[in-house]
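In the two assemblies presented below, chain A is common to both, partnered first by chain B and then by chain C.
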Partner chain A sequence: MSGISEGISWLTDSAHWHGDDGFPHRIAQHLGYTSLTVVIASAIAIPLGLWIGHTGRLRGLAIALTGALRALPTLGLLTLVVIWRGIGLTPPIVALVVLAIPPLLAGAYAGLESVDRATIDAARAIGMNEWQVLGKVEVPLALPLIIGGLRAAVLQVVATATVAAYIGLGGLGRYLIDGLAVRDYPQMVAGSIVIVVLALVLDGIFAVVQRALSIQR
Partner chain B sequence: MKVTRLVALAAASGLALTLAACGSDPTNTSAGSGSKASASSSASGSTTQPIVVGSASFGESEILAEIYAQALTAKGFDASTHLDIGQREAYIGALKDGSISLFPEYTGNLLTYFDPKATATAPADVDAALKAALPDTLTTLTPSAAEDKDSYNVTADFAKKNNLHTIADLKGVSGLSLAGNPELKTRSYGVPGLDKVYGISGISFTPISDSGGPATVKALTSGKVDVADIYSTTPSISQNHLVTLSDPKNLVAAQNVVPLIRKDHDSADVDAVLNAVSAKLTTASLLELNTKFNGPDKPKAADVAADWLKANGLA
Partner chain C sequence: MIEYRSVAKTFPDGTEAVHDFSLVLPSRSTTVLVGSSGCGKTTLLRMVNRMVDPSSGQVLIDDADVASRNPVELRRSIGYVMQHSGLLPHRKVVDNVATPLRLGGVGRRDARSRALAALETVGLDPTLADRYPGQLSGGQQQRVGVARGLVADPNVLLMDEPFGAVDPIVRAELQQELLHLQRDLGKTIVFVTHDIEEAFLLGDQVVILRKGGEIAQVGTPAQILADPADEFVRSFVGLDRGRRTLRIQEVDGKRVVVDADGRAAGVLA
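Moving on, here comes the complex of A and B:
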């Protein structure tokens, strides 16, 4: 267990808590990559998922597509985009967006599918148009599953955003990549601990939000 | 009755297995049995015992092992190969226990393996330190000029524009940026060494963790960085017409290709063959061999080696 304790002393060393290489800056970068990724992925996947769930069209295709996207190795995709676009912010964000789309898409269309057909028919019967059915009935009822998809996406992205460091960007992956390069295992353990804690904290926040949503009803 | 038949069957199959084991023995080059069996059965005309050439699990090492083995075979020795032995821990072990007898090595890395605190960087110094650090059972022959090591590369345009030939010429370039593996930031041959040995400071460093692979090359060719650390025999250097800056002050430790051999398999005749190979081997020829090996038609290491030996009049 000496590895863990050395990691903890690396983590608690005040020298590692300020400056460009310090934890606050790296955590901010990490959360930056994560939120940028989730915003872009949500803008793509949630409208698409809602359309699929509402109309029931292309459902088979969506399932096949999300399965295929999930099978893509993030690091391989990252390298592919680097060869195509060069290094910079684009390659890791593209690779992470591809990772985040499947859970978001699945949450959206599965959420809408879970809504009782009788409720939707009743909404149409009282004269709601399709947009009102979607906005006032389907989405509110599907919200716990949509948030569930968002929760899964954020968790996967926050754990995988470490790949940004592979091509010279920042984030918490720096501790893993730089530590591995010079066999500085305490640094790697410290970085891992911060990533785990960050993921647990974010997951905890989503758990609270999801519970609040289900109590509301 | 049934029991006796079962026993007979078991005995028969046991016998068959034993026979099979005997049958495979003479050709078996793996772990131990090869050298022991062959020591007694060296009736192949040559006076020395059979030589098994090992290699690590990457293309260049396999090609070099094939070159050694085929050059020896061409001169009448009984040589075979045992390729793909993995990391240095594994194949040094195989050399020590005698399951292989010859290995294409790199002077600098081999020295660091036996003496982690070694500081020599110039080719002759590394070779001398290596000779002193090797265990009693092993020795190295004369190193070749061929080196596979970290090298600083620029694009042909950038080299022309700034009139660059050696690392020292980088001193005149302002706002220099460099890409390479993350450890380059702290290692003696990296950013600190560029400052200390060549007086080049203020470099902005981009760590890219693919050991001079496609991402590093792309960063260089797309102009994101001015200089990139790429292993000196990587085909992408010639494919992208990159210019490798020479290192007159030996910032990067020498990594000359050298035959590492068990002393009990070494002789003046063997040395003559391997020294002739080493005399022809240059960094440019390694680069060419690697480029050919990684080419679109994916040739075998043995064929690439055979072509090179023929072209150089060694086989």
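Moving on, here comes the complex of A and C:
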């Protein structure tokens, strides 16, 4: 128990709340990695998932890909990309994008598959073209599941973005790496608490958004 | 006028839904395709707006082959009403009705006021306009479906068992209203049902179908009853049962019409 309370006093020490090592800066970095990752992963996975869901093609590939990517260990992948591209922002972002793609892809195509075929058929029958069917019917109706995929991706990336610190980058992982190096356990506990709270806050925001979406009908 | 010229449809999985179908549907009248489930009614109906393209043969509207029309444009020019309404669950009733207008490029406000007018035409309480379809009863949803089919004032209206899923009392009400509407509007209606009573009630021309879209008989309800083509038709329209064979009985000096079982059907005027 004393570990936790020492961690909390480390956390509440005003000395740790400013400067490059301070929590605000580390949280900003962490959120920066997270958003960069999720934006890139979404740009890849959501159009692909929508296309698969809309056309019904390559569904098997999507399932296989999702499974394969999920099986990849993030740290191993990080190491590989470091060997390939050297130290920098690329390796952790690549590793995290790979982590974020499966839930985003699954959310998008499962979301589209969940839409009633009769509704889509009716939309076509009254004269919507394929883009209108996608944009005005399929995506709005799939939105709860698409947002669900986004939610899962963000949470995984927030939790795993600590790996950036392994290769000398910033973010909340620094408290774990730096703390471990000098056996400063309170610092590690404080860092973990912030990561958990950050994840909970983000999850709460998504919960509110999803609720608002489902109340609309 | 809609004309089918030797159309056939075999689906990619090998199902032959329509074998060889030819028919002329006169303008400004209601043609009902009636037959049991799976006989090809929906397939035939959907050939008119190119939701299904025939494997061979042609469908013509006013002598122009629909195959030469852009499917999306064609569908926008034709009203479509289906079973289970086919409404968009995430759009309000009024927006559902306005959808065909919006797709046709009508402005938001104009589309809304025309949609409200269409809801009134089908006898729907205007206070329901801002609800979502899921908040309406089955009968109300079907009315919304009819309003959406009519809102853009199409010449042709396709109706696929539009009243099939509502209870008998509401169905009878909807049928009567469609008759009234059609009296004023004079659309070319293609109506699909498996219910021969509905076919006889609504159809100016009734087409009785066998499996594979084979025509058993075409005619007005009176012609079909007077001169059923064969045993299949006799049985399909119920002439083999007592209810259709009526005779006159004198009761208290009035001539009462009764069926073969002696049940009273009405009085002769």
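The rule we apply is simple: the second predicted complex is superposed on the first by the 217 of 217 C-alpha atoms of A that agree within 3 Å, B and C clash if a C-alpha of one lies under 4 Å from a C-alpha of the other, contacts with A are read in each partner's own complex, and residues count from 1 in each chain.
Rule of thumb we're sticking to: contacts are C-beta pairs under 8 Å (C-beta built on N, C-alpha and C of every residue); 3 or more make two chains touch, one makes a residue touch a chain.
Just so we're clear, the structure is a prediction, and the values are computed from it rather than from any experiment.
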{"item": "Chain A as common anchor, with chain B and chain C clashing or fitting", "value": "fit"}
{"item": "Once both complexes are placed on the shared chain, angle at chain A toward chain B and chain C, C-alpha, multiple of 10 degrees", "value": "150"}
{"item": "Broader residue contact with chain A after superposition on the shared chain, chain B or chain C", "value": "C"}
{"item": "Touching partner for A:170 - first (chain B), second (chain C), both, neither", "value": "neither"}
{"item": "Chain B versus chain C as contact partner of A:32, first or second or both or neither", "value": "neither"}
{"item": "Partner chain in contact with A:141 - chain B first, chain C second, else both or neither", "value": "second"}
{"item": "Which superposed partner A:88 touches (first chain B, second chain C, both, neither)", "value": "first"}
{"item": "Nearest Cα pair across chain B and chain C, whole Å", "value": "51"}
{"item": "Complex contact set, residues of chain A against chain C", "value": "116, 118-119, 121-129, 132, 136-137, 140-141, 216-217"}
{"item": "Complex contact set, residues of chain A against chain B", "value": "79, 82-83, 86-88, 165-168, 177-178, 180-182"}
{"item": "Touching residues (chain side chain B, partner chain A) in the complex", "value": "179, 181-183, 185-187, 206-210, 213-215, 218-219, 222, 224"}
{"item": "Chain A contact footprint on chain C (complex, rising order)", "value": "46, 49, 51, 72-73, 75-76, 80, 82, 84, 86-90, 99-100, 103-104, 132, 134, 148"}
